[in-house]
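Chain naming follows the written order as A, B, C and D, and within any one chain the residues start at number 1.
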């Protein structure tokens, strides 16, 4: 192994976090730029990873690193990426700079706050963001269950401080109230996820016990376990496997979040600043769905297919339920939160449809949803920061005073309702097709989601952006340069990936095939085999002619 | 051959022709750690007697530090000489075991007490009275609080430097406790380290009433429980006819053999064994602070001077669990199937009880007390595993936990207001704003308690649960996991309080400590993080120390 | 006479001691009850020692006495201090810390 | 040559990108740029058309593969175009009419400060619509399908400051989404059935699968068509869509987009041919809608809404024809094209009238306008004659053929459909005559102040000039607006005849849609006669009602049917009660549920923990003796348990 690229990708932001945190209180601006610099550096590294990665190569993981760590626990420091991981790492590394830029002023200490050289919120804010990035990246890279678990859990702490420590000063009521609503949301987030994680811990320990019992030495290495299982050396009993699966899945379902474990998300996203909300839904939550794909399915194939029906139903509920609740929200950010719940329903649906379209679509969905939600949420953040309110009712006619803001908001919204031509459409349609081809009924019901999505997005847009101009918004400035720099690339990316997603699909497909092979599932074959002749409908009319003749 | 047996032979010899008295054979080198500490303690008393008051503090401090360091060095030496593994055996004519667990635990205890000495010696936190630095111990404990005598004592700048020798005596007892290899030694060691602790509890400079109350409660309950333990010892003796661990274990394992019918009523009478064993266990569980023998913990932790609390919470647990391990693994393995289910029950109610009751605590010291109860439950889960992994996991957990605890209590000593330490949780609001560093450090300790990954707490918890799971107690792990989820709740609550609540106007200030406490805290943090990030070396250490000598 | 009776006596004394601890309020008396329990243990030791025909039990009894003495030293010291401050030796008055 | 196909789509797309991202600096030239790109696309279309004519009927279809779009597993979606006669027809219609309407808009939108964006949206629409008709697979078609939906959303809501406009736009998009759902399900069905959804393979192998599957696919496609083409039951959005600027109504909601449904069904002919049940559904929808639209058209006083109703009904004709299978496809498309001409013309005329009347839309506020805006009058008149199917004009040829084909369906079904079609023709004649009379003939009702009424907020002076009423000054529109109207008028006069010259149009489409002569129980001449008769009947009745006696400036209460028709036959009220209000209740209850039940469970556990803790705390009473008791108890339990274990 030459240069430890993956480690570097995770370490750089970590260093950045420390460096930023170390800066004295006066050096706020420096801290911002430093954080931005490190996030860009990480992005560069992520790109290197993406280009060094060879989709066509054999073997599940590439760029692997492996070092002994805690041999007593059978834990190794094992990193490696497949296409899915590469895509998600790239997404994370891509979003963080935008998050930092968008949150440029979110953590500036309030003016009335007494000058206190020890209290450095700004430094803390950006350091925490980078810390989260580091942990997310490494949990995408980890191929050792324990290693993954550690960072899966550890990332809760910085997230928790981000949510509880920094809110947009846009509560309906005073700062005091909103502050403790915020900390409540943070506590809920932490405890909910911690509980999930601890349940998973039990399962992790169980896994160790099983491997130690059957392989002689306990191990957490994903590859090793998968191979052992394939070679028949490892045979987790049915009951055990199901219990372990549930342990893992519970944690991921909380993180993802899947109905009915979703109730922490609206609070967390609603109370935190827009960039942090993006961090939650676009980056951190992805770890949950990613882990379902990488660990739940590959470690416990039988159990996965055993649980599939229930999970599919829950995912379906999430889709419809989230959308319906989004329609009824009065708070812009909570609306987006519920929309995300609906979208996560789609992702999970795709994963457990166990078809290449479904899982490929789900992976694309993770990426696209990340980008689209980021776009929508950040613009919403800009809007809220202008008016100082999250209530939809406080807006109206913004389109007239701030056309660019409204335009970008609309595009973000259209992406959220997965309009063809924008990236999310590709993934959503793939998920639907993938689900439909195995479970037609569920597929059809899920399709309802696209109507409901249109409903909540358009209602939101109409109520905030159109209609007569509200007096409070009449003086609202349009997007500033910094904000445009944040939004424009995201939108461009949405368009590009909508028109030409091939790079992404090429990246993901092999990994998905591998996963399916581990789960030992094949795509259902079409009932009719057609010799796909590209070209005009000529042939079709010959056939139709015959039909007509037959009809007569 | 046991020490008492030797005397026995003396008695029989007396019947015949008078011969020369065979002296007992003691391996002084192998007992050196204990001997050094106790010797230093005696020396400390001498100092109190003969050294002028002004220089007592420094000489006592120096003495204790040197003694503990030397003792620790001795432990290292013994371990290096292989007494931990290959040459492990029973010294002092069967009274004391010198083996892996003993050495590991003694090493831990010594380190902990070393740090504890730092916190004992801290005298910068309280404002100087009459131009003299004061520590956290009463100027003249015997004097009535607020009485004339006390004021005079304060004016004269008296300080209770006796705490150092008392501490050393306690440490001495703790060193023997986990190494004790017969029940008598066990009992004596128990008393030797308990009595000094009772005294230490009563010495708080501030809130004397609480301090004395805690001492009284601790003393009465301690004596009560030790009475039970003693009765248990008596019954076991009645069962086996000997009090050496090996002897009892023998009788237990291959039941009744060649016993003269006269003794049929008692000898190898299982009732005796079971009741005796249960009572001995109870005595030990009391020291461990396991439900339902935990009642003393919150009150004593709250009332005792915080440095003492830290020392107790860390060192006592280590010693007590050491003894418990040895009793269970050496004396009673034969009756494993009897006590394991019982201990499962104890472990479960301990984990849950500690975690649940802690939720509604309002005093930081009581909170930590209950958390220590919950942790006792976690450790018990490892104890019950009855496997080499179980032992080493417990050893590791004890090491990790004791440092976190010391650090946490050291931080508690820093947060003060007019009335001394501000232990009311409500007063901690917004601490993170006023002094982020201290708050952050404390947060690290709390997260370690909560068992968040990358802290020593997680490594320990994982080790223990792993052992439990492998011993087939999977559901015990589940309960443990649930209770740690509950426990997380109140740790988080404190963090919220410190960081997300606006600081109160009349809130406490954070005293700037002398290098002593700072080092203590620093060591605590370092240990917490190192054992969290790279625990392998220490796991190996504990792993090698996982075998008891018989 | 069957030595086992001594054991019963020991158990009885132990129980009486324990009961005393639970019932009596005065710290001194409570403490004396504890002493009674210890002595019950001693009786048991001596009896067993006789049964087993070895001296271990009797030796232990001596140790116990010493320990008990030490306990008295510490215990009385504490109780006396409390009595000084509170002018009462009732253990029930010492209940500031609770819940 | 086929490489040009992409250009068709690209040109307007580039235009849209330029105009929408160009910013203010393009405000002055924007409209010209837009028109230019539309025209360019038209030019390319013409070029390709010429080239296509040059080739023999069987080699006319062109195919262009751009790149592989979504390859996942067996799922292969490509970005590839297919230009055959059917697409060609649409291309010419779209780009031609499109360009004309661009020109028209230059004048019509002159005073709107957001004109640049308007043209951007128009170009965007053209691009999407062309993508729709040029796609060679259903998924790409779906992209265009939703693309036009978006464009129409943006254009209907172009005057966003008007809440009514914003609402109408949202409604249009939502209703369309329901249709789109059908299309996507259809695509999924195709994928699971054929493993592909490219036109070629799918249509070629319809014979290989069960009729049930095909019926399902067909019905889903029909659902899509209903959404896009405003057919019952998804027609409700079209009326409100008239909130958009008139050129939009002309281009999108008359000439092109709304006819996409007809395209879809014709394109998928092979599927429907093999699924008779689906076909029956199609014709049923067509017949119902053509009557529904016609009736609604009769009751509306808003000129644009009246025209919208007629659009609905005309498309009903086309759907009906398309549902008839090979005997109808060609005529459906033919009517589509002619309709494109005259309906666009009519709307532009209406726009021109409004332009001259301070954007007044209420026909009861018109009257006798023919002498003020002669060109508008003439062009509108020609369009009118064409739509009612006046012999010789294009509407006559196309509609007549459809009615004939309807009879040719044979059996009672044939009679019902034919009858419906005839009735429709009569009503068409009626309501169009009504429009004509109310607008251009009779007294000049706009001179005297409007009589205010609750259902007419526009009763306040439209110009909004303070207190007293200033009558508008009707005037002819500028050249840039009249020119397109003239061109379209010419089209609506001659197109039909041109197409029917020895069945030129049928022959032209035959290779794509396959043509079969229907065997009508009644001879063609009889049908023609009948149509002409009913036509004059309709005109006559209208003349009696609106020509002879003066038109009240306030709508009379009218019969039950009239009142129902004014409210789109209560369809909206139904939607409102069921979906809007019902949905509202549903969501609010769900919110409650989420808070109390799902989240309540979580908070409940936390709370109960706290309660339990509070209880257990009580054990810590602070009394040593109680502690001792508990210890003793614990010891006893411990001993007992140990003994039990051994069972001693």
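By our rule, a contact is a pair of C-beta atoms (placed from the backbone, for glycine too) under 8 Å apart; a residue touches a chain by one contact, two chains touch by 3 or more.
Quick caveat: nothing in here was measured; it's all calculated off a predicted structure.
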* In contact with chain B and with chain C at once: which chains are those? Just list them. => D
* To do: Sort out for me whether A-D or C-D is joined by the greater number of C-beta contact pairs.
  => A-D
* Once you find the CA centre of chain C and the CA centre of chain D, what distance in Å lies between them? -> 97
* Using mean CA coordinates as chain centres, what's the chain A-chain C distance in Å? -> 66
* For chain A and chain D, what's the span in angstrom between their mean Cα positions? -> 36
* Asked: Where the centres are mean C-alpha positions, what is the separation of chain A from chain B, in Å?
  -> 47
* Residues of chain B engaged with two or more neighbouring chains -> 216-217, 220, 224, 228, 298-299, 489
* Asked: Which chain D residues reach two or more other chains?
  -> 606, 617, 620, 622, 624, 628
* Touching two or more other chains, which residues of chain A qualify? -> 191
* To do: Under the touch definition given earlier, write down the residues of chain B that touch chain A in their complex.
  => 433-437, 447, 450, 452-454, 458-459, 462-463, 465-466, 469-470, 474, 477-478, 481-482, 484-485, 488-489, 492-493, 496, 499-502, 534-536, 539-540, 543
* Structure fact -> In their shared complex, chain B is touched by residues of chain C numbered 4, 7, 10, 14, 17-18, 21, 27, 30-31, 34, 37-38, 40-41, 44-45, 47-49, 51-52, 54-57, 59-60, 63-64, 67, 70-71, 74-75, 77-79, 81-82, 84-86, 91, 94-98
* Structure fact -> Contacts from chain A onto chain D in the complex sit at residues 188, 191-192, 259-260, 262-263, 321, 324-325, 327-329, 355-357, 360-361, 397, 399-400, 407, 414, 419-421, 425-426, 429-430, 432-433, 436-437, 440, 443-444, 447-448, 450-451, 454-455, 458-459, 462, 465-469, 499-502, 505-506, 508-509, 512-513, 523-548, 551-552
* Asked: In the complex formed with chain B, which residues of chain A make contact?
  -> 68-73, 116, 118-120, 149-151, 153-154, 156-157, 161, 164-165, 176, 179-180, 182-183, 186-187, 190-191, 194-195, 198-199, 201-202, 205-206, 208-209, 212-213, 218
* Under the touch definition given earlier, write down the residues of chain B that touch chain C in their complex. => 2, 4-5, 7-8, 11, 141-142, 144-145, 184, 187-188, 191, 195, 198-199, 202, 208-210, 212-217, 219-220, 223-224, 227-228, 230-231, 233-235, 237-238, 241-243, 262-263, 265-267, 298-299, 302-303
